[in-house]
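The first chain written gets the first letter, and so on, giving A, B, C and D; residue counts start at 1 in each chain.
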């Protein structure tokens, strides 16, 4: 039996208490200490977990001798600094998405984790959701054929972030899903958006990724939508799929409708033969993604394995976000991504 | 009482027979003659309308002395030539959307109609739909406040056009609606897309229009979607609206949820106060848009008035389409529109 | 090749013109003459079908020597009399649902048709719909297991009938579907309802049918509902099915969720093991049911076959309706049906 | 400031821990002790609430000197006995629905509470939900006009109760809502159902209540449905309303479509004039009903007030349930209710 992993949680805003609850519910993990600048946040937690220690110093948590790993649920602009300190202190790290605000920072963290032989994970939590796992299996099975397009919509009347725009706030979820499904980097990124509520902070935005080989992906992220939508259409040459995270009874639908093209030279003129067929909606388990991610983080530390959402996955998403940021400030100019 | 307007219908594919039926059902209009290269199409019609004449020559219809106006339901690449002949022959013209394939052709047709004092109309049929009319009233009433974004989705498993891509096929509908609602030209256009089924013919595409003053509009048009969607979100500073053309019981929903921003310098840091309120779905009449458009065309000829969807509206849409075409071939490069 | 069947259509209200259109579109059928007391109804039709004869006398149509069969689209209280005259005159008959207002009248018509060797059909049009046909196949395949319950809802803001209540107006559709699916008569009928808009005419009603062997069916019919619903849940021991006639993209859904019961004596105390599984929505063709029914009527006359919705099916539905009528007037008392 | 109310919770199955959590979160209440026959259920709770006492004896909780009131979350067949003991011991009581299995038991409890001047409440929790409160306001405002019908559906793939059928399990929710909205007892009850999974335990059932004055209410409760539905249509002479508890964004819809009948003698023959109008969906707060009920229970004890869902409301529901039970065993026979 493995030694329990002792995790210090830094930041008790929205995400932190969920991490505390989930890590405490996993066999093989404990949460001895947590921190926040705001004591009242801890007090609410402490009513439930009377044996939980508290400090207002992130450094104290990170360097605590009873802490093997830290989970960072702090503002994005602190991720790099805190993760670096933790890795240097020999602690494994789980970082709230996105990994950091800059590609070079993310690269440094990835290298540092490799060098130290520590686990660096990013909470790309959807990659652990049973629905996305099932979508991945369907894509990998080849049932959809060649992927033609991915159309992703994540919109709502939003909780504004103070420091980042809607792309940095919402798109990491969808970019991490698409990264997981497609398995390769896009060749270019373009982004459009507009600013309404807060100076310089885009609250409506569209991203367009060109993956080459005929595959494009479009992302609509929006804090000003009157309705909440969380959906993704994946169009393939053989079948297509819709993943609607808000449809609790039919989260995944696979449509047996593809388009088949003749390969002969007559293609341009010939009529396209459509196949229109059945729809199938597999049962999806209700396991909580955050719990699965927490368990994976603990297992990877214990067994020295690489998590699905590791530092490299976090880095790939930051590369796309940084390119999108440059594009949106250039009013939609296309940014080519280096491998 | 006005003299009845005698309309010749050119082209009996999908759209032509609908025009025959609608013009015949309007008081003040007759359809004495129609044409198509394919006789069998006429025979089906003739079973219903035994007094309808037929020819295989478009020119014969256009120049017929019992014809006051012609309705062109022919492939896009014939619009300019046939409309020009008709206007020169002193006949008013209704053209299937889009008006033509090139801006300069469209401009010539607009000028020619002006010069001859004839009616030139484009079948931007949605501009006549009761739902879009009601959306226009709501926008004009100021209830939504300042317009922030328009997000339009028109996707389905499509009927491919042989000669144009999905933008030229589907986007004219949405562009004409947005042109009608916003009342000004966008400042720039960007378009992305990809090609799968037929060489050089995009079957998935996204358009982004920047109208200035914080208003952007995005259009998703797609022939490869497993599901049919026809919806438009209009986000405003005070209220927002969703127009879903496939929801026959709640075609328009107005959401009393806006975001209000403080105008003072503290804006950047201050919390955004959201208002979350009621939703209201007005009753929408079921009148057939095509019939309303046909009636308007006849009335405009009789009373020498300008139709809502006149040649200038057709020209504005062609300007955007032509810019989108240039952008999509330049992989999303931004195209600035001249006024 | 068979001789064309010449059909006289009696009644040109809502249903009659549809019958004219459909019979005229079928190879092997003609409609030489029709009748209505209201000439203006004919004039609208005649604009389309210039070779159609007209009379105001139903008897003239029925006894016309160029008429082989009559289609009765007249008020319910005229069905028996007109059908009897037609059968006696040697003409096959298609009657709008329900077959008649009384069991003994319906029995007489069935016997008369048998005696004369003529086709007697009732327009239980849903029995011809591709969706109901597919539901029938699924039920017959045994996939659902033993049928446990059928829950049918047919409600809307209605068109009141002047002469019959909401049960006689709407329930024949659902009763004919369930008769077709279950294939046996219920053992008893109970009906509840209430009267609001017109004296003695129930506008909201519920029917409960007990088919024995654990199968019950409930029907909600309603002219006062703010929304339109057309749906049927069929619960089985192995799988369950939902048929929603208004969901044009997913008209049939089959749920792989049954309940399995242990057969041993511990059943009462044991935990029930639920299986919760996948959902499957087969593609459903869009063929028009009325056209399929019209074609079947013609084919049955030509080939002396029995239509799916024959006089006996019509009689079974009238038996249930008559029992429901007695029950509703007895405030829900249970009425036992004789075989 | 009032003295805190000390509540003992009896039963830690599904409901009990929710009561513990909610009572502990309310100012003015404490939960010093709880009990269950199963120690492991307590242990899970104790991990969160380290200061909570435990016993396996209900009697010990009830008679505990530090307990002012007891909340009974035990099987239905224990309600009467435990509540009686508690009231006799001078403790106020909150009972899980339904109040008890027999009318005479419920009457005795109501009288006992009155005699002792104690608060007797039933957890008709929906009566505290913001949505039902809002529906009540709309009904009371007279906007709907005269109530014509209520159609309630509460179906799902269920958790079987061991001791009661689906009516006793699910219908109390809807009966308590309708009792709250209508404010008078029905004149008669009929119930149908069938038994599939467990001997003598109906798992599908329909209740029909006749309230007189043209108002009927129908309830569909079902443990075998492949889909979960929680909805209620309330049809009125002026407007109608749909309350769909599963539609989190449009929980209440008010339809401005009524039917207006002429009062003159021509009524029977005249055409009904339908009004078809707008729909309005008010914003509904997300406050947790259980918390509101818990707070109301505490307030009523402190201020000696009568809760909305008091013993009398519980008794009325039990009267209907008992009548339904007699009816269902008599295969739908109508049971007249005494006032």
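Simple rule for what comes next: contacts are C-beta pairs under 8 Å (C-beta built on N, C-alpha and C of every residue); 3 or more make two chains touch, one makes a residue touch a chain.
Treat the numbers as computed from the prediction; the structure is a model and nothing was measured.
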Exercise for review: Tally the contacting C-beta pairs at the B-C interface and at the B-D interface, and name the larger one.
Suggested key: B-D
Review point. Compared with chain C, which chain's mean CA position is the farthest off?
Key: A
Point to revise | Centre-to-centre distance between chain D and chain A (centres being mean Cα positions), rounded to whole Å | key: 42
Practice item. Averaging only over C-alpha atoms, locate the centres of chain B and chain C and give their separation in whole Å. Key: 42
Revision key, fill the gap. Here the gap between chain B and chain D, centre to centre from mean Cα coordinates and rounded to Å, is 54
Revision key, fill the gap. Each of the following residues of chain C touches two or more other chains, namely 227, 249, 276
Point to revise | For the chain B and chain A complex, residues of the former touching the latter | key: 148-149, 151, 157, 160, 162, 188, 190, 192-199, 204, 206, 208, 210, 214-216, 218, 220, 222, 224-227, 233, 235, 237, 240-242, 253, 255, 257, 259, 261, 267-269, 271-272, 274, 276, 331-334
Review point. Across the complex, what residues on chain C touch chain A?
Key: 249-250, 256, 276-283
Point to revise | Complex contacts: residues of chain B adjacent to chain C | key: 48-50, 227-228, 249
